[in-house]
Each structure stands twice: as C-alpha cells, then as structure tokens.
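Chain lettering (A, B, C and D) follows the sequence in which the chains are written, and residue indices restart at 1 in each chain.
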Amino acid sequence: MIDKRVASLADAVAGIEDGATVLVGGFGASGVPVELVHALLDQGTTDLTVVTNNAGSGETDVAALLRERRVRRIVCSYPRSAGSVWFEERWRAGEVELELVPQGTLSERMRAAAAGLGGFFTPTGADSRLAEGKEVRVIGGRRHVFEEPLRGDVALVKAARADRWGNLVYRTAARNFGPTMAAAAELTVVQVDEFVELGELDPEVVVTPGIFVDRVVRVGAA
Amino acid sequence: MIDKRVASLADAVAGIEDGATVLVGGFGASGVPVELVHALLDQGTTDLTVVTNNAGSGETDVAALLRERRVRRIVCSYPRSAGSVWFEERWRAGEVELELVPQGTLSERMRAAAAGLGGFFTPTGADSRLAEGKEVRVIGGRRHVFEEPLRGDVALVKAARADRWGNLVYRTAARNFGPTMAAAAELTVVQVDEFVELGELDPEVVVTPGIFVDRVVRVGAA
Amino acid sequence: MSPGVRLEMRDVARRVARDVPDGAYVNLGIGLPTLVADCVGHDKEVVYHSENGILGMGPAPAPGEEDPELINAGKQPVTLVPGGAFFHHTDAFLMMRGGHIDVTVLGAFQVSETGDLANWATLDATHPPAVGGAMDLAVGAKRVLVLTTHTTRAGEPKLVPRCSYPLTAAGVVDRVYTDLAVLDVTPAGFCVREMVAGLTREDLQGATAAQLSFADDLGVLAP
Amino acid sequence: MSPGVRLEMRDVARRVARDVPDGAYVNLGIGLPTLVADCVGHDKEVVYHSENGILGMGPAPAPGEEDPELINAGKQPVTLVPGGAFFHHTDAFLMMRGGHIDVTVLGAFQVSETGDLANWATLDATHPPAVGGAMDLAVGAKRVLVLTTHTTRAGEPKLVPRCSYPLTAAGVVDRVYTDLAVLDVTPAGFCVREMVAGLTREDLQGATAAQLSFADDLGVLAP
C-alpha cells in the first residue's frame, strides 16, 4: 500500500539533515512552498545549500532561513529583488556563498540530474564571466559551456492537489520549478492545498507522476 | 491572425524536400501519423533520413517508405519487429543505412536539439559497441558517452485535438514521441482527430503548446 | 543636439511594436521592453511568452482580480488569453534557449558594433549580482531587439566598439531602437536605418562611441 | 543433473515476484519478465512503468476492450489502473535513466561475474540489430534483476566469467534468477543464495561457466 500523505509539516520535513542541499520551488512569490520552508526553519536544520530562483523577500521563506543563518551557500539566478534584504545583508557580510547560475541553466542542470545525465553543453553564458573556470567547447561554430547536473538531497515543492500516490497537479504559473525539482532530489516533499482520492486526477493531466514524490502534506489542515 | 490549420494532407506535407530529415512519431502502432506518412509518400519525396523508434510493419507508414525506396538512412532504436519485412529487405541489400540508437538516447538527443543544447553525456550505451567512435568520459566514477543533438527538418506527429494556434493534447500512450519531436523540428506537421475552438483546451492540460507546431490537419475530414 | 529632439521611450516602444510580425511568439524583457505589448496593434495576433511558464500572457488584470501565482517575469500580476497554456520552467526555458521564440526585446547597458550585449551586470561589485533569464534569451531567441536610451543618464554612449560592462552574450543583437535612432547590427558594424527628425548625422555620431554607417534609404524615426 | 530438476520459468517468475517490495516502481522487460506481474501478490501495491509513457500499467484488457494506442513495451494491449498517468517518451526515459525505477527485471543472453549484462544483440550479423530501451534500463534502474534460463537451449552456460556477446552495460546486474538458482552478483563474483531441490553444488557449477560461491545460509529455490 502506497500512501505518501503525512499528517503534519513537522513530519514532512523530519530527517532533513544539517548540510543538506535543498531545492526550493517558486518564482517570486508564485509557487513558493512557504509552510515547508518554515517547518524546516522550526526544525532547526542548518548549514544548508539552498537552490532557488530568488533569495526570498521580507521575513518569509528563504529570507527567513538567511536571517537565521541557516544557509551556507545559495545557488540562484536572481537573488536580488525588492525586499531581498536578508540575502543582501548576509552576502555583503560574506556569511553566505553565492553561486550565480543563468535561470535556464539552473533549471536544465536540475533536469540533467533528474535524467541521469553527466552534464551538457549550452551556449547560455558561454561568452560571459559565468563560464570562467568551466570547459568551453565550440560546437557548430558556436561557443558552448559545459554545465554539470545539479541534484538535491531534498526538494520542497508546492502543488495544488495530490493523491496518496503523490501524483500532482499545479495551479497556473505556480507550476514553475516544481516538476523539475521534484524529479531532481533524493527526497521530494510537497505541500498541497487539497488531497483527492486515487483515480480522481485525470491520467492525461497529471503533471508530476508520483514516482518523483516521497511525502505530501496538506497545508491549512486542522 | 494565427491559423495553423490546413485543409488537406497534401497541403500538410507540401514543400517537404528531398533529402530532408523527418522525425516520425509513434511506438509500435501507437501514435503513428500514418496518414501524414502516406501523404509524404504520395508527394514523391525521396532520399529521406527517417528518425523513428520502429521501422514500420507490413505495408504501411515507414515500411511503405522503405518499400518505395524513399529512405536513404534510418535512425532508430528498434527497427526489427514482427512484420518489419521491408526494413529487413532493404537493410540486407545495403539499400538503407541504419544508425542504431538506444531508445532513451534517441528521445534525449531530440530533446537536446529542441532545447538548444550542444550535446550531453549519458551512461546509456557507454559500455557498449554503440559508443564506438564517440567521446567517452568518466564522470563521478562512471563511464559516460557524449551524444549529439538530433534535429529534424520536419516532424510528423499524431495528436488527438488541436486548436488553430496548434495547441495539442494526445490520447493515452499515443503521446509517446509526439511532444519531443514536435519541439525538435524546423517544420512540425500534426494530424489530429478533431479541431476545437481556441480557448477550449484547458491551459493546464495542453501538452504541446502551439509554439512548437506549424501545420495541423484533421484526418478523416471530408 | 537640440533639446527635445529625443523621443519618449514609450514612442520608441511603439516603433518596436511595428516590427513585431503578426503571429510571432514574443518574449519581452522586464522594464522598458514591457511597454511594447501595449503598442502592438489589434490587427496582429501576437503570443507572449513568460519565462515562468506561460504562453499567451495577457494584460494586467483589473484591480481586485489579481491571482498572486499568475505573474510575469517582472513579478507583476498578469492574465492568460484564450489559447494560452501553462508549463514548467524547464520547458519555458527550452522555448527560450532552443530558438522557439521569434522575437525578444531586451534592455541594455551597452551594445557593441559586433552585436555583443551587456545587460545583466554593472561594474559595481558592492551590489550582489543577478542574471535571471537574460543570457538564455539573448542566446536563444531567433531575433534579438534592444530597446534602450541612446546614452546613459550621464550622457555616456551605450553603443560602443566593445562592451566594457560584463557580457551577456556575444554577437546576438540584430537591431537597436533608441530615443535617437534605429540601427541594425551588420557585418560592417552599426548601420543607421532611421533617425529622429531634427538630428544631424554628426549629432548622432557624437552621441555614439561606435562608428556609424547610414542606410541609403535612411528614414525618419517617428512614433 | 537429473531431468525435471529445473523449475518452470513461470515458477521462477513467482520467486522474483517475492523480491519485489510493496510500493515499488517496477519496469518489466519484454518476454519472460512480464510473467512477474501476474505473480505479485495482491497484498502489495506495485506501480508498473512502461517505456512508452505509462505509470500504473494494469493487466491486459478483456477481449474486445483493447485500445490500440494503449500498449506496453512489447506492443501488447494493456490497461491503466486508478492513480496511473501518461507522459511523453522523454519523461518516460528520464524515469528509467535517472534512477527513479526501483526494480527492473530483464532477460539475458549472458551475465558476467562482475555484473555485466548482454541482452540486446547476438553474434549473428545477418540479423539487423535492435536495442530499444535495454541499455537505458540496465544503467538507470536502482536494482537490476535478471530472469533467465540457467543455460541456453543448446546447454551452454549463460553465467560466465566475461560476456562474449555484445555488452548492454557493465557492472549493473544485482541478482540473477534462473530455473536452477538465485545468485547475487557480489564483489567476489556470483554467490548462490538458493538452489532447486535435487541439485548438487557440483551440478550447478557444471552448468555455470563462472566460478560460484555459496551462501552460508543457502536456501531452496521453490516456486
């Protein structure tokens, strides 16, 4: 019997270890698994490498992890935004290491990990200083840079609905990094708004099949 | 005004040139764009490179192209099957060149073309004779072989429904190579069972967005 | 040059919009380029792409109708038009990186005469860097248009022989639209196609660090 | 060895089924391995994957209920169970290649004592080659089980020091189930875990080209 539903946010993040690489979904405030990130914060897990598109804003989610000095390293495409105060503070003080990755390369590197690839060549960034120290190869007359797969120990993802097998559907643009991150981590933890019965999700419409999902928790549950 | 619908199968394949590389969807008899392949046959196009998972069966689709000596080269993972008589005949006579590619690598190479990548490293096939002549690199202690992107001049795809923008949904396992091939070709031609009004396909459920599609034809239309 | 000769950037955006073909798949960079969508005529059907997984992005919703998850690359609320679709980030970037976007309009700090683009980082190392989708779009779109003021606020030329700012991508820019001119990047460098009225060739060259050539059928850049 | 000591392959499949854990995501190779699905008890919930884009593949449909598009890797009609999902080929192989499949059961021409697998091509060059998903599964599944007769029809051993047939993948096989024994591939070579009743260690070694060791707790291989 497969039942990936867990009863609480604490159960959802249980066992995530200090030093883990954590993929955190979301783009701006869309699709961010806020409650899961705060559960991780409450659990006290620290020394994290966080892979995420933005570095949080204000006092919530990744910004809160940065404020509480739980993040050793951040792999990110756009850490700077209105309200990314805690990232800027920690970065300026040299307390957090930043690996800046073009957004498409960030996504593609996680997909490469999900697909078991050893890496790929892309023209994105090949002419830029982000290619420094990396292998560059001319393919078809164009410079390409070699990019390595980027795997997570954990992925924290937000979706709309799940069944007990962990099949997921998302809502509008909140889908963003979810499907790729879910497939790229050893342990994938998902927060959803709603549980549905097995068989209720149309098989043509499942976006993330349950094979990629380990734990699902409903947020806002009593 | 975007309207990718064309009136006939002949219009759908018009302009496909001799010598073209044609990606043909389908797995076994599932999801094969039979009518489009026969329209290409009727048009007389020849000297083709055909990229497809199986080499056809009996007297239809790719088997018919082989019978009529329209195929110079076939890139394929499993050309041998019950009924692949014409492939075997042409191959034995040295009349068709075969590039054998592991099925996942075939699919991944087309995706790499779709994604603008210069190639990737995969462990699949790295220990086998299919890696002969290719770059092999040990990554993370494991042998990987370098595989190049595989792009089509044309993709022939079968889907279930389309709107005038070329948004597509498929039916059950007939989806197979369709979404990847549609994205990996210069000219993507799709046969569908049904046209629907723009806006009728749920935006959460579109599998192939119209950006990948150039022409759509309804088969069985009067 | 005489003051007031420069166009408003909104008018330059209108000029860009005229070059967006009917039926095009278009990605507009954040900031100034988003002005272009408002200027594309209703006689054209253009499909807007957003890097966070949207095709068929529509205008801002009415106040109170915002969906906090349905935002554009600049994190502003948007809508979806009929025929639109959602997909995940990796597919969104496959479209950008794989040559599926017909036209992108980007801002710039500098453009070089060989089409190099610098639009992601300044030389100010006290500011944390951020790149987003700038490099993916610059290398991947079929046609890269740049919409920018001709000079910086301090009056320094943005069209240069060679970028001094960190490169986004080399040799990618096709055409530049400024408040003074429309210029193509050609194998021979910048070629001016249109200039605003009241400007001399010498004025324009004076505001440009790169060497300019002028099209035989030089036109007037008008809103 | 005495005739009749060999198990029926259907019974060996039943033995394999016992090793499939509850909740596992499983891909069964075409041919013999498909027998395993029929033998997995209803006390377990196992999700079957098919390379052509199916998770939650169910048994064959009732006659007359076949959907010609809904087939398995062997091109036979199948069904979908509640909780199942369809996806495209590249995602199906991402699951296989990326370590998402817990268990795969494959056939073999030969398995070497270092876990090399040869199961895609014979030495007959007059036959066109075909590989399908064999290599993807062999390198990508978390656990690779082989289900095969212990010897060929001609009586030649399939468990060998080194494969003479073309390799599918090197060092990938975890366990082999034959009509004579269950053997683990260990750093020290094949280690016999179970043998059929009525067979001596010498008999088994005689039917095997590779050197065998025997587990301390050697068991009986029974259906």
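The rule is short, and it goes like this: a contact is a pair of C-beta atoms (placed from the backbone, for glycine too) under 8 Å apart; a residue touches a chain by one contact, two chains touch by 3 or more.
By chain, UniProt protein names: A, B = 3-oxoadipate CoA-transferase, alpha subunit; C, D = 3-oxoadipate CoA-transferase beta subunit.
In this text the structure is predicted, and so the values were computed from the model without any measurement.
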| item | value |
| --- | --- |
| Minimum number of chain-to-chain touching steps separating chain B from chain D | 1 |
| Intersection of contact partners for chain A and chain D | B |
| Of B-C and A-C, whichever chain pair has more C-beta contact pairs | A-C |
| Intercentroid distance (Cα basis), chain D paired with chain C, Å | 56 |
| Centroid spacing, where centroids are CA-atom means, of chain B and chain C in whole angstrom | 35 |
| Centroid spacing, where centroids are CA-atom means, of chain A and chain C in whole angstrom | 30 |
| Centre distance in Å when chain A and chain B are each reduced to the mean of their C-alpha atoms | 33 |
| Overlap residues in chain B, where contacts from two or more other chains coincide | 108, 111, 115-117, 122-123, 170-172, 203-204, 207 |
| Touching two or more other chains - residues of chain D | 80, 86-87, 93, 97, 139-140 |
| Overall pattern in which the protein chains touch one another (line/ring/star/complete/other) | other |
| Full enumeration of touching chain pairs | A-B, A-C, A-D, B-C, B-D |
| For the chain D and chain B complex, residues of the former touching the latter | 50-54, 67-71, 75, 80, 86-90, 93, 96-97, 116, 120, 126-136, 139-140, 166-170 |
| Touching residues (chain side chain D, partner chain A) in the complex | 22-23, 25, 45, 47, 49, 55-56, 80, 82-87, 93-95, 97-101, 139-140 |
| In the complex with chain D, residue positions of chain A that touch it | 1-2, 111, 113-117, 163-165, 167, 183, 198-199, 201, 203-204, 206, 209-212 |
| Residue ranges of chain A touching chain B (in the complex, touch as defined) | 108, 112, 115-123, 137, 139-140, 142, 144, 169-172, 202-205, 207 |
| Chain A to chain C touching residues, read off their complex | 27-31, 77-81, 87-88, 91-92, 98, 100-105, 107-108, 110-111, 122-130, 143, 170-180, 207 |
